[in-house]
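So, here's a batch of structures to check.
Okay, so subunit A shows up in both of these, paired with subunit B first and subunit C after.
Here is the complex of A and B:
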């Protein structure tokens, strides 16, 4: 094992970690604003993958252009899901929202399996490799990381520099008080769920550009999102990026020291330990 | 003693007995297989109801007890040549022990945090078992065919596991009812309504919650051994399938959480519907209806959650006052 190998694993891990981060950001935003754990997150990631795949291989659209379309569709779909499945139970005990989102997950996965079967798909798209000193990086991964960082910057600006963003933060902070201040909370909740879904779709679309996938793949990234969410602090969208980086580095470096199959064991044990010791996440944040 | 005269208890017990004994009297192997699936589902739902329905802690990790118990039992049979009843008890005991160890730690978490932690526990155990050499790693444990000889061959062994599952489901119903009507059960239900208030009133909540978790874990541990013994092999992906936990949750929601009859009716209804869909020849467009099994289950679940959150039994009890004396 030489220094170049370690460096490559590390940078690869960081690049993937950023993309995991954006998936987790969606989950975190939804949890932060409405205290809903979205169990349909994985299915929505899968839909993002298939969206980009179908637009690219069916219509020949550039994957990154497809991603914009997929993001918009994701936003609409999220709002729709919120109105149909979540609005009625948003104030019910949390079991209701857990199961409502899981029902959505079953419906999407069921329809997806009927339509696409579970044969692995590969988008077959490449941007070549980029040489940086001792490093050789896949072009698609590099671009994916750059897209993610751009989306994060836009999300940050939106949340902290616009009026609507301020509304979202207010509802997240205290819904009752926000309503008293005249904030249309029903619409803000729907929008937040839409944005969360959009982030899942973007993450899926980006992952599809460099990994093969099936309709069930999203589940794996949903679990990673849970781990990242807890690492970065549930409800803290930007902490998710840091959590994603931590997970990415772990996944890049741990396989160098142990068999690959032990990595998820470490990840899930870490997940439970952090939940127990500091449920607000490593980066703190309000409880 | 008065609680044992309640018609609701006898109604539930009779339903389970009738379901269980029908294949025994007809000696029909096909009916027995259906019966096994239904009784397994009933026992899983009834045991999950102890922690979820009575105590109000939603566990997505019920299958971890089923899987770990099953693995322990298979290991005892395969490596140590243990007889089935001992293996079944061993599986149950291991799961109860895991629940005891975990309970103290993760039951401190409330609400959705607890639900998340249970998902994490299931995945951690699954990925660990897939690496654990004595349990066969990723390929699991496969029983030698000769194991079944001491039970009079494979056919008799299948009947034996079936008697086992009848016994466990009958026990599950009696045990669940006993908890529900005991002082301990009253403590659990007060935790569900308001944990802080329960504590103030003198319920030692950490102990009560842990005991509820242990009681709810013991049964799936035993069921896992029976199922995988009947199956002949056990693999990590089958033993710790998160979907199985969630199916049990759905069954409880269908029937009505916190009731005795609810999980039984919910499990029966869910498995019946699933069986119907899987064997149906109907078509939707060019695709067979059975491809849409998951979609239909999802839609059904969504409708229940949005419109009848109390489940069938809960809804009946709310609507018709006289049923409150009959259904429990």
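Here is the complex of A and C:
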């Protein structure tokens, strides 16, 4: 192991970590605002992948332009899912919303398997590599990291600088009090679910630019999102980004010192330790 | 309140992960898919048919991975087998010694690429569907799980798409392997490398952590050491891995060759990642993925990649049983609209092994067919077929050998597969070094 290897692994870890971050952000936001564990999150990430794939391979649309369309479709779909499946059970015990999102997951995976099969797809898109000293950085991963950072900044500005964003935070903190202040909580919850879904679709679309995928691929990122959520602080979108970076760096650097199949073991041990020692996550919970 | 929420969350997460670990959750609860033809297989098993009947139906049972990670290879294998069945039935079936004619019908379920489903479904095939013969599912892991059921219930099973050696070292007497065993999968790549560059000495092995790939690289590593190579890295990765960057970062920069891989999805992703990371190895040989026509979807990343293949359309064997390669290719293209891969050819070959056994035995009796398959020594379009009949390795394929393909560019710059090894079967010179 030399310094070049460590540096390469660190940068690779950071680049994939940013993408893990955006994948977890949607899950985190939905949990934070409405206390719903969205088990359809992975399937929605997969739909994001297929959205970009179909727009690129079918219509020849640039993947990053496709991403904008996919994000908008994700937002609409999220609102629709909320109105159809979540709204009626939002005040029921956690198990009801959990089962509702699980059912959506099964529907998406079932339809997706029928439509696309589970044959791996690859969009075959490349931006070439950037050479920086000992580092060889893949163009698509660099752009994915930049897009993620931009989306995070926009999300933060939206949540903290706009009236609607403040409504979302108010509903998140105390829905009853927010309603008493005249905030239309039903619409705000639908919008929040839409934004969460949009983030999942963006994550999927970005991942599709550098990894092959199937309709089942989102599941892996959903699992990682759980760990990231706990790591960074559930309900805290910035925490998701930090959690994603930590996970990415662990996955990048740990294999240098041990067989890579041990990495998930370390990750889940960390998951349990954080739950025991600091259950609100490294950056604190919902804000 | 907050703490209890987190506790609930933690329990749910762990539960969902445990469920995920049991297989693809999306399809786990789905009812097993049945072949449309299955409805017609309610007739009693062939042995029970009245002796006066002119025509018997033998039911061949198997599971196919219609969903899950083995979907691509399994579907092609399934297509190959179906083609054999359609052709043998259309030709009037197989005549038996008692004057009756046996035709074939299939009964199959979706195993979801999940080992846990296989044993349950094969038991169902034998006990409820009265299958007379069994064909294995695709992949060594699933085939190994199914073989024990065949043996327990005294049914002959031809395994195809299953190269692992260890299944045939368990004392089974009714399980026969169509493929070249795993131990010989990548050793030829090393011979090819030695032929291309006698100075190459350092090889890195990166492989999927499943039964088949581990068997292959265990044999490869032993062979490499015996031949004086230095194995600078031997690293496994979990099935389903998509991010290969952390593993590629461990490969020393001065490595001569990279060998390993696993199945299609990971092999394709690994080849793509090697190219994306600008790895400067002179020779790359991966399992399973390169011979697949869709491997070229990754574009220039496919260039130069070598892969062992059980069979190639280019391979020109002179069969003494069954169709010629050209006839098989033509019929397969007409039926499925694509070029057959070796998985498809393997599926067809499994049918031929069964057909030849029944023909020679002249009956559907298990002992008679077993004796006939034990003595098979034939050349098919798929290659030479002969089985080890010793007690230690009964059913292991000893006749068949691999061909090695490499993705090269033709005059117009398009990616094409060429056979580069063995030398007597080559269609082009090996491109070496690839970087």
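By definition in this document, the second predicted complex is superposed on the first by the 284 of 287 C-alpha atoms of A that agree within 3 Å, B and C clash if a C-alpha of one lies under 4 Å from a C-alpha of the other, contacts with A are read in each partner's own complex, and residues count from 1 in each chain.
Simple rule for what comes next: a contact is a pair of C-beta atoms (placed from the backbone, for glycine too) under 8 Å apart; a residue touches a chain by one contact, two chains touch by 3 or more.
These numbers were taken from a predicted model, which means no experiment stands behind them.
In the superposition on chain A, contact is made by A:214 with subunit C only, not with subunit B. Once chain A of one complex is fitted onto chain A of the other, the partner contacts of A:110 extend to both subunit B and subunit C. In the superposed model, A:57 lies in contact with neither subunit B nor subunit C.
Looking at the shared chain after the overlay, A:37 reaches both subunit B and subunit C. Ranking subunit B and subunit C by residues of subunit A touched puts C first.
Within the superposed three-chain model, A:275 lies in touch with subunit B and with subunit C [touch as defined at top]. Overlap of the subunit B and subunit C contact sets on subunit A: residues 35, 37, 94, 98, 105-106, 109-110, 113, 223, 226, 230, 259, 261, 264, 268, 271, 275, 279. Interface of subunit B with subunit A (complex): residues 58, 105-106, 108-109, 111-113, 115-117, 119-121, 123-124, 127-128, 130-131, 138, 246, 249-250, 253, 287, 291-299, 301-302, 305-306, 309.
Interface of subunit A with subunit C (complex): residues 5, 8-9, 12-13, 16, 35, 37, 39, 43, 94, 98, 105-106, 109-110, 113, 117-120, 122, 124, 126, 129, 131, 136, 138, 210-217, 219-220, 223, 226, 230, 234, 251-256, 259-261, 263-264, 268, 271, 275, 279-280, 285.
Put simply, subunit A touches subunit B in their complex at residues 31, 35, 37, 85, 88-89, 92, 94-96, 98-100, 102-107, 109-111, 113-114, 223, 226-227, 230, 259, 261-262, 264-265, 268-269, 271-272, 275-276, 279.
On the side of subunit C, the complex with subunit A involves touching residues 2-3, 5-6, 8-10, 12-13, 16-17, 20, 24-27, 29-30, 67-69, 71-72, 209, 235-238, 240, 242-243, 245-247, 249-250, 264-265, 268-269, 272, 276-278, 294, 297-299.
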